[in-house]
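Take a look at the structure below.
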Amino acid sequence: MDYFIELFFGGLTRGSIYALIALGYTMVYGIIGLINFAHGEIYMIGAFTSFIVATVLSIYGFPLLAIVVIAGLAAAVWSSAYGFTIEKLAYRPLRKAPRLAPLISAIGMSIFLQNYVLLAQTSDFLPFPALIPEFAFMEPVAHIVGSSDLVILVTTTLVMIALTCLIKYTKIGKAMRATAQDKTMAVLVGINVDRVISATFIIGSALAAIGGLLIASHIGQINFYIGFIAGIKAFTAAVLGGIGSIPGAVLGSLVLGLTESFATGYVSSDYEDVFAFSLLVLILIFKPSGLLGKAENKKV
Amino acid sequence: MAESPVILTVDSLSKKFGGVKAVDNVGLDIRQGEIVALIGPNGAGKTTFFNCLTGIYTPTSGDINLSDPETGKTTRLNGKKPNIITAIGMARTFQNIRLFPSMSVLENVMIGRHCRTKSLIFGAILRNKATRIEEKEIIADSYAILQKIGLHKQVNELAKNLSYGAQRRLEIGRALATEPFLLLLDEPAAGMNPNETETLVSLIRQICREGHSILLIEHDMKLVMSLSDRIFVMDYGKKIAQGTPEEVRANPEVIKAYLGEEVDA
Amino acid sequence: MFPVKELKRSALISLWFAFLTFPIMVIKVDPIERLVNYRWDNMFFIAFGSFVLSILAKVFIIRKEKKEARKKPKAATEPFMQRVIREPRFLYPLSIACFVFGLSFPYLFSTYQTNIMTTALMYVVLGLGLNIVVGVAGLLDLGYVAFYAVGAYSYALLNFHFGLGFWVVLPIGGILAAFLGILLGFPVLRLRGDYLAIVTLGFGEIIRLILENWNTFSQGPSGVANIARPSFFGIDMSFAGGIIYIYYLVLLLVVFTIFVVNRLQNSRLGRAWLALREDEIACEAMGIDKTKTKLMAFSLGACWAGLVGVIFAAKTTFVNPASFTFLESAIILSIVVLGGMGSIIGVIMGALILILLPEYLRALSEYRMLAFGAILVIMMVFKPNGIISNVRRSYRFKKNVSTGGESNG
């Protein structure tokens, strides 16, 4: 029974990280219909930035709490900057292009960023400092749920709530929803669509960066390649939940995280990724628009 | 004198989307050689009705039966896929033109010939005699249709470069290429100027003379009144009237539904 | 001379990039030794480089706008190069010249170069195969590499376990891949465009992961080695001879593929695929069986990947799962998109550019992949419709009599 609970929380943790990344995918897709292949690299850059900043600060002797906060902010700021720049350089010029052109551009950006970090930093696996200390009150359940898991779950929940409030109640949130539903009309009612799209990229990137920081601290190491597989999984989660739907992204991520956790725990860990993709294929066969996706009503 | 056979019978057709009944218990019938019009205010459910007939939607309840006038064979259309229905002999055009924009005018019509021809992969690769003959026939038949609709001069033009009126005619030509005995036209005159509308009317009359039957949705009352043999009127998903143009024109229900719109054109 | 506003803008841009790349380019930490190294020269390099590039970009844009304004506004005329290539009087001699060049290539260049060209030609075939699926039929397949892997491993394993020769397995590889295409296509092809993309991507990954982990079947990450080269009527070849032999094999396959794909595209089936790509709903309404047509495209494309896969195994005599990553699928897709969806000549050019260029850029060694990524982005931004854009076959008609005249599409 203990094992089950351990796997359950492990799955939730995984799912939370996927959710932070998947939100970026689903928001961008909802607004411009693009699969942002470079998003995984934004997550990786977030992890790297927080690693660099945290290590520098720890060498200079900053207290742990300050390091965590500053590193987190730095990761969010720089990842957002990268997201913003990528959109402007590689996607904005292709707004009116045939659908596949931005996709290839995104793939090219992904390859470029991976190698950029590889060359500018290193191909080695870098040890990430444990930024989340072991809490004393977690001691009795530490073998099932770690402090790190707890922090991840709490942080992700808080972030979700903040994002939901943003989308629902703020002006920019409304503008984002409007643009996602009908871009032409949004322009006609005076929404600055370019700014809305940039904002979407910025928010999505910041979320991914936080995810990068959390997972790096949780696992203890980073590498220039982590963006790729996390990106694909997170995108799978977003599609699973219904691409373009924010609650869908969260649901899909949790489902994916739990499935992976239980599958690797009870069946086999080698085929972890196979389970993820097989789950996707299965769900799409029975619900072609994803779990929470709206079935496309053909207006013929 | 024997009455021409009934080719389409729709009984109590209903289509629900969630809680909304877009089509509510509508029935109609069409005889061979007739031009029947389906009219009603915007949002009455006419296109949804068409979509149920042509297999894009599956009706929630009701029956659709199509009878081939030559063989007399009757098929129940409910739930059949659009391509099967077209192969049986009922083709359509779309409210918002759905041509193949990057294909040429001729090729758009050639697509219509697809369900009446049969060469497959090996024929395509080997280009054996049978395939070459079939290709020649496809080209010739398509060109003949283009001549009929007056677009033969723009044979190699890309469909997206045509004028609006020409595009609408091309869609009709493409549908004709499938050799339908019943042709469904969804607002064929929408957006046309009076000249284009006149050309369209004579085209429709010619198609009818050649043996096709026609069911059309239209808002242009002058066209509807002058062309149709019978008219069915829908409003809020229900059928509110049917009959000859004179009967429908005088029907108080119809006038009420169109309040503010010119019925006497 | 140069507007100050532009200089200020470029300065801001270079400041932005200096800021953007600060953590990653400038700071280098050694967590073990607890050292921080600030590489300020990188920052100056970035700042300077971005300043210059942004100025050049602006110059380019201004020049382009001036050119557009000077041109008389008329219906879109084809770019010069495209018109030249299409002209039959030019196309046929050019094709023959290319073919003759291709035939004599091994005798003009070294074995090393021939090997590279063989790889490039293999990607031409892969590109043409995927072109059927993505370019003509409009089905977004991101897992094409799976069929490539099936072909390669079928030869590797059949040769390893049963000693079957190259020529025996070649058709088997193609058929197996086609069969897998139908198997995968059935449940998956009714999905909407982008969902289809991610599912095919997932499938490609699944195949790779199975090959990597099912050790008893595929020998896992270490792969299968010592695969037999194709023999020439029973005679075994020397190393150099083998390379030349495979080169001609692939060249033959390229010619065959161009022939078949060209015939397919200008046939009843090809038109059905195009209609499918343009408007699925209208296509079905015109009497075309969507499912059957999609499956045909999918499995035919898969068959080609299978054939090339068998040749790949024979060429490198060694296969392992690492050769069949998503990156491969991405490269092949880029070839199709770059070439201009549906255009045979475009795909050939795209393959040659995307494959030969990095090879000849080997001088840049570790910056190769960086440059490759940048090239993809740049090519898409400047030529989003591909090198050769769509031109349909044109027909000639005499009065009341038709002849199917053609110019190649």
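Lettered A, B and C in written order, each chain numbered from 1.
One rule holds in what follows: a residue touches a chain if its C-beta (ideal position, glycine included) is under 8 Å from a C-beta of that chain, and two chains touch if they have at least 3 such contacts.
No experiment lies behind these values; they were computed from the predicted model shown.
Visitor: Need the central chain here, defined by C-alpha centroid distance to the all-chain C-alpha centroid.
Guide: C
Visitor: Which chain's centre, taken as the mean of its Cα atoms, is farthest from the centre of chain B?
Guide: Chain A.
Visitor: Taking the mean of the CA coordinates per chain, how far is chain A from chain C in Å?
Guide: 29
Visitor: Return the distance between the CA-based centres of chain B and chain C, expressed in whole Å.
Guide: Their C-alpha centroids are separated by 42 Å.
Visitor: Provide the C-alpha centroid distance between chain A and chain B, rounded to the nearest whole angstrom.
Guide: Between these chains, centre-to-centre, one finds 49 Å.
Visitor: Which residues of chain A are in contact with two or more other chains?
Guide: 298, 300, in rising order.
Visitor: What positions in chain B touch 2 or more of the other chains?
Guide: Where chain B meets two or more other chains at a single residue, that happens at 56, 94, 98.
Visitor: If I count partner chains per residue in chain C, which residues reach a count of at least 2?
Guide: Counting only residues that touch two or more other chains, chain C contributes 281.
Visitor: Which residues of chain A touch chain C in their complex?
Guide: By the definition above, chain A touches chain C via 29, 33, 35, 45, 48-49, 51-53, 55-56, 59, 74, 78, 81-82, 85, 89-90, 93-94, 97-105, 107-117, 119-121, 126-127, 129, 228, 232, 235-236, 239, 243, 270-271, 273-274, 276-278, 280-281, 284-285, 288-290, 296, 298, 300.
Visitor: Give the list of chain C residues in touch with chain A in this complex.
Guide: Chain C reaches chain A through residues 16, 19-21, 23-25, 27-29, 31-32, 34-36, 42, 134, 140, 187-188, 190-195, 197-199, 201-203, 205-206, 209-210, 213, 281, 326-327, 330, 333-334, 337-338, 341, 366-367, 369-370, 372-377, 380-381, 384-385.
Visitor: What part of chain B is in contact with chain C in the complex they form?
Guide: My answer: residues 54, 56, 81-83, 86-87, 91-92, 94, 98-104, 106-107, 110-112, 114-117, 119-121, 123-125, 127, 131, 134-136, 138-140, 143, 152, 155-156, 158, 161, 174-175, 178.
Visitor: Which residues of chain C touch chain B in their complex?
Guide: Against chain B, the touching part of chain C is residues 75, 260, 263-264, 267-272, 274-275, 278-279, 281-290, 296, 300, 390, 392-395, 397, 402, 404.
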